[in-house]
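Take a look at the structures listed below.
Presented sequentially are two complexes of subunit A, the first with subunit B as partner and the second with subunit C.
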Partner chain A sequence: MRNRQATQLLFELSKPGRRAAVIPPSDVLTDEPLESLLPSEALATEELALPEVAEGDVVRHYTNLSTLNMSVDTHFYPLGSCTMKYNPKRNERLAGLGGVVDLHPYQPESTLQGMLRLLYELQGILAEISGLPAVSLQPAAGAHGELTALMAAAAYFAERGEKRTKVLTPDSAHGTNPASATMAGFQAITIRSAADGSVDLDDLASKLDDQVAVVMITNPNTLGLFDKGISEIAKRVHAVGGFVYLDGANMNAILGVTRPGDLGADMMHFNPHKTFSGPHGGGGPGAGPICVNEALGPYLPSPMVVREGDAYRLDYDRPRSIGRVRSFFGNVGVLVRAYCYILSHGPAGLRKVSEQAVLNANYLLARVKHILPVPHGDKCMHEFVASAERLKATRGITAMDIAKRLLDYGFHAPTVYFPLTVPEALMVEPTETESKETLDAFCEALFRITEEDADLVHSAPTTTAVRRPDELTAARKPIVKWNHSGG
Partner chain B sequence: MDPQQMLFAETHEWVAIEEQGDSKVATIGVSQFAVEQLDGVVYVELPRVGEQVAAGASFGEVESVKAVSNLYCPVDGEVVEVNESLKDSPALMSDDPYGQGWVAKVKLSSDAALGKLLDKAAYDKQCGESQ
Partner chain C sequence: MALGAEATKLETITESCHSGERARLMAYFMNTPEDEQAMLAAIGVEQIESLFDSIPAELKLSRPLAIPEAMSEIELTAHMQQLAARNLAASNSLCFLGGGAYDHFVPAVVDSLASRGEFYTSYTPYQPEVSQGNLQAMFEYQTLICQLTGMDVSNASLYDGASATIEAVLMCRAVSRREKRVVVVGSLHPEYRQVLETYLVPLGCEVVVVEPSGETVDVPAVAAQLNAETACLVVQHPNFFGCLEDVSALSAACREQGVLVVQVFDPTSLGVLKRPADLGADVAVAEGQCLGNPLQFGGPYLGILACKESFMRRMPGRIAGQTVSGTDRRCWVLTLQTREQHIRRDKATSNVCTNQGLFALRASIYLALMGKQGMRELGESCLRKAHHAQRQLVAAGWERRSDAPFFKEFVVRDPSRQIAERIQAGIEQGVLVGVDLGRWWPELSDSLLIAVTEKRTRSDIDRLVDVLALKAVGV
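== the complex of A and B ==
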């Protein structure tokens, strides 16, 4: 019998009367009945359904649960487009210093000077890396950065009385691009990719007119290819008076090598939790700082950090700003980690990060293409997309099967079924810190899986606490709430 | 309905034309090939009845375990009926794409877009090439 303290819910471990703390009797002496102290609508009509567990149960539950996780600290994690790079422990130590974690945004500015200086300097650093002069650190995630920048562009055109209604995105774009465009009030229109995976310039030309506000480009794109047409695209978009947005999700490929501003982009976002090693997801909230050109700068969210002599303050006097997009000053914790990471590496070090990330991806590509075809060429930037289409046709093994089976070999799966332009896609991004030995071991696992008995691969994963969930039923009839009756 | 009698868009929608009095009504759905590629439809966003639609424009979405895909209207006209049963049973699209899995009926405002559609043989050829 297997110990299930990790995989059972605390509610399932609950036993009536069991508890972790003994609360002393109330020492507030009153004979007043509860009903006379609180209005009746504030009183519960039944006991709250809370789990009753001992402290030891809770500790074991969470500690065991944490060991079932696959993370950058425990496994190779080649999740394409997500840049699951190592999170240096130095960042955590520095972000945990009292002068950082014990601050409160309601403190007087005079007592926040260190933090304000850090944020001010980060604004300048991101402007330098992006080649775009105006920076807002406020957005709380990459997609939030997209939305904020598009809202700034909308405000820019509204002030000029220009009625621009359309935003163009390539068919290989992250799904957030058309979603952000729609949320910002634009009509999202798809541009086709050419056979080589770049933006189809003829299709772009046929959709480009004076109604287009913004064209959103990811470069390198989601196939891991640098779109050489970027300057031509920018020239054509600018010719009709539109802006070019650069989705910065793939900045890990070009740090210190080229700058979006120099390529003709007018606005972009960074993902500090990707490019600048802040932790993803459970490690704390992300951030999506944006950088824009001079013309769009006045429309960025308020406040911004400004410097006056030796003092720093938050500037709210921004009359053309779109206003706040986040409480306080955004998710500062991950910004501190990005600042530490950038200063730890310096300009030459950041360039080395990208060069190494591209080298690792190309090494992996050169080996993987003999196992699974890579439809878009022999070279890549920081990631590449392989296809299991042939394997599916010949042996019935899909990209999803490979992803699941990799877990048994002790590797996190790559991104699958994205981008949509490649059938049975496996999108692999190794990042810069992985050794040759790790990359070789991953290739070996991939090769073995393609040779394995198809039934075995279909039943994977076999070594994990939870096997293969029925994703189809989960999506069609989701149960998003646990209840006592076991439903 | 017999797929051999249908017309197909390059974007994988099928069209079955029916004469109703003086006008033509197109029943529109998603091809067997596309449904197999989607691998399990979990949600269908239907167009609205009364909506004016143009050929080539997005008029709905199909969500599968893998991805969300646009539904492109293959004809010009007005939506006169939608398949409400897809709301509760999206699996109908996977199980019976040429029958109970139909998406919408559109009363044609012109025949112009029909000329760009493929017959079954030409569509099958396109799908074979993309395999």
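== the complex of A and C ==
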């Protein structure tokens, strides 16, 4: 079945006079000319250039577009570091209850007691899971949480008259870490990873001084390994008066097993869209709540939810707060789903999430390591990084080739070429919501690919809607919107 | 700190649950005990706990997390319904609240299409071959935003209106190489202004605020603050009070000093009002919640950012671009990625990683449904209804603070200064009457900001006026 309608653009479907939504005429001031309500120089002089399509056009167009995506609902999606777990349908329904979704951010607090209680309880739950007592639900994404926490640290030091200009990030860190450091006004300095992806303690020691505000660590690290040096790192950072930030991207490995606060971290963010099953939405929205230690708590954004007796309210009286990092309260819709997810699991269930995620990852690792070596250890946490370096040398098949060929077998590709410290990296994260049968089928596909004719693999994918788009031309001569003359 | 040990007890939830073993309630796991044994054997360990041996024992948590016990779907549904019942939903009342989030109508098609699992359970299109749906939707979103604003290019969205505003300012600083000073018109949303200060002050960038006189700013007062050190001017139009600013005149003043213009606009106004590009803006940013997205207590929303083509390679966030696949077929990819953090790291244009894909999709579906006609009708409807409400309230004894022209929201003052009582009276009658401006400006604690969308009818407005009639309190 070839569905050409899917790939026409909305603008090409447009026909003058066709329409979908109709807004009924105003039942007040019906006949008053607009010029009597607004100055004529403010009024639009021409029609908007928007397309004209019928409701049926819109439904068929987007329904057909949706079928061109792989998604968690339709495919195994082992995209490393993204925790593509099942997104429970109950969360969608519960987050969509009228009394949850139809709340205006400026409603009086007396009309929001259910929502404020939910958010208050979530603050407490995240404090408990992180082992860090002060929580801000305001940041809109993980990267936003990083930035917010770094700003809080900057405010902490500024108030004490300490001039600390540096943030250290490992070379294996997610790119948002150094980017957030720059945006918070720090100089981002890279620390080397040892062969197993752990922080190189000697390199850390050589860069650690009283100019360092924060050292950002991802643990489990981006190779999917627990960095045993974390306590020693924290000790050293604390000895020079700095803070340890823990990137919570990999929390799916350690829920109820260990807590960032107990590891010596002073601040962290959660990615509820990863760990707590908020759907990824085709690239957002996420959320980035942060948890910090007592000392940094007063600097967190305003407002927070507080409880007074049986009532909940928003506390804006936070004189040492860095202020706001976004409008309104936060990405509440995502937070509500996280709350539902956590309550669906309870303490034993959350721990089981991590146990099953780690079991699934280790099972995959055990099955594939003989053909795709995993350079750093034969055990992992919730994900592992395999290397196609040997396959590239022997058969000319790269990590990208494997990724593309997997698409033909009906699997989303792992994350490729990240972290930068592993050549021909394939970062695989199965999550806890996949079955042994799915993992076995994925392994079988990998085995077959490594034995397939190299030319066939180079030409993959062959069964998808499009094949290896020309990304260079897209970047050199950018076409970022449709226009009449074509494209 | 209000948080701490007390916060983690959560007896309020746990009391609704039975204690004990509730693991059987957890519905999302796949492996049977037999699967587990087979997998452990393949791994070469006896028990799952051994897989955590790399974590030093002294760092492990030796007790269960002190969080509520698991709930079944039935129990959780009842719990959430109870929480929901303690809120007054806008959908269960008459909502005249605005201030950057609005109770506009969302057509069923938006919810229906956006709830397709292929959209909302997919992720950032790193593999374009299996993400053409999302990529094409992003490309269409970018085009729709350009059509709406008249700007040359749009990114694929940011977190919200405030984050789009600060990202626009950071972009202007980089483009202009004027790092030390920005000027902000004080009728900007107060929370956006706070966000600008949070980000910019620690970077050593001065945020000069020119306060409005009345409800709009005087152009000469702004012009006096512009100089060759100023990166950009940030002006909201219609402004936070609903009133129209003279962006054309402000833009002209900016040109003289080489100052870039960032306009915060209201997408629902553009069927009626001139577009940001027509007014001389270099960057147009907006809160896109009004385009088919639910209120959901403030987020997730949609940050819109569109600009002149010359800034394209300095834009923050994701951008979809058109190209061809091996077979010469038109298709779409993420492009201009060398701006972004995953490649450029500390030199990236922004730390932003994801966009707000699902909400950009909703906005696209909404704009497609509305089309040029629908957006015109929407703007006119809001405009007429807001003016009717304002006139009725003035007739009932409320006062305007100025005679500035306004679009869909306006400020009215209660000469008897009993705002809290009037808000409470509204709640009792199921009317959310307006936003108390005293929450940001103590001197405006006698004033309400009232928004009127296309959903409100003549009789709804009558009810508002009835609730707010000055005789209603204390008689």
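FYI, the second predicted complex is superposed on the first by the 438 of 487 C-alpha atoms of A that agree within 3 Å, B and C clash if a C-alpha of one lies under 4 Å from a C-alpha of the other, contacts with A are read in each partner's own complex, and residues count from 1 in each chain.
One rule holds in what follows: contacts are C-beta pairs under 8 Å (C-beta built on N, C-alpha and C of every residue); 3 or more make two chains touch, one makes a residue touch a chain.
Note that the coordinates shown come from a computational prediction; the quantities given were computed from them, not determined experimentally.
> Output check: A:371 vs subunit B and subunit C. Expected answer is one of first, second, both, neither. What do you get?
neither
> Classify the contacts of A:176 with the two partner chains as first (subunit B alone), second (subunit C alone), both, or neither.
A:176 contacts subunit C only, not subunit B.
> For A:423, select first, second, both or neither according to whether it touches subunit B, subunit C, the two together, or no partner.
First partner only.
> Check the contacts made with subunit A and report whether subunit B or subunit C touches more of its residues.
Counted on subunit A, the partner with more touching residues turns out to be C.
> Could you say whether A:325 touches subunit B, subunit C, both of them, or neither, answering first, second, both or neither?
A:325 contacts subunit C only, not subunit B.
> Residues on subunit A in contact with subunit B in one complex and with subunit C in the other?
In subunit A, residues 175, 418, 471, 475 are touched by subunit B and also by subunit C.
> Help me check something: in the complex, which residues belonging to subunit A touch subunit B?
Subunit A reaches subunit B through residues 175, 190, 389, 393, 417-418, 420, 423, 471-472, 475-476.
> Which positions of subunit B touch subunit A when the two form their complex?
For this pair, the touching residues of subunit B are 37, 40, 42-43, 63, 65-70, 90-91, 130-131.
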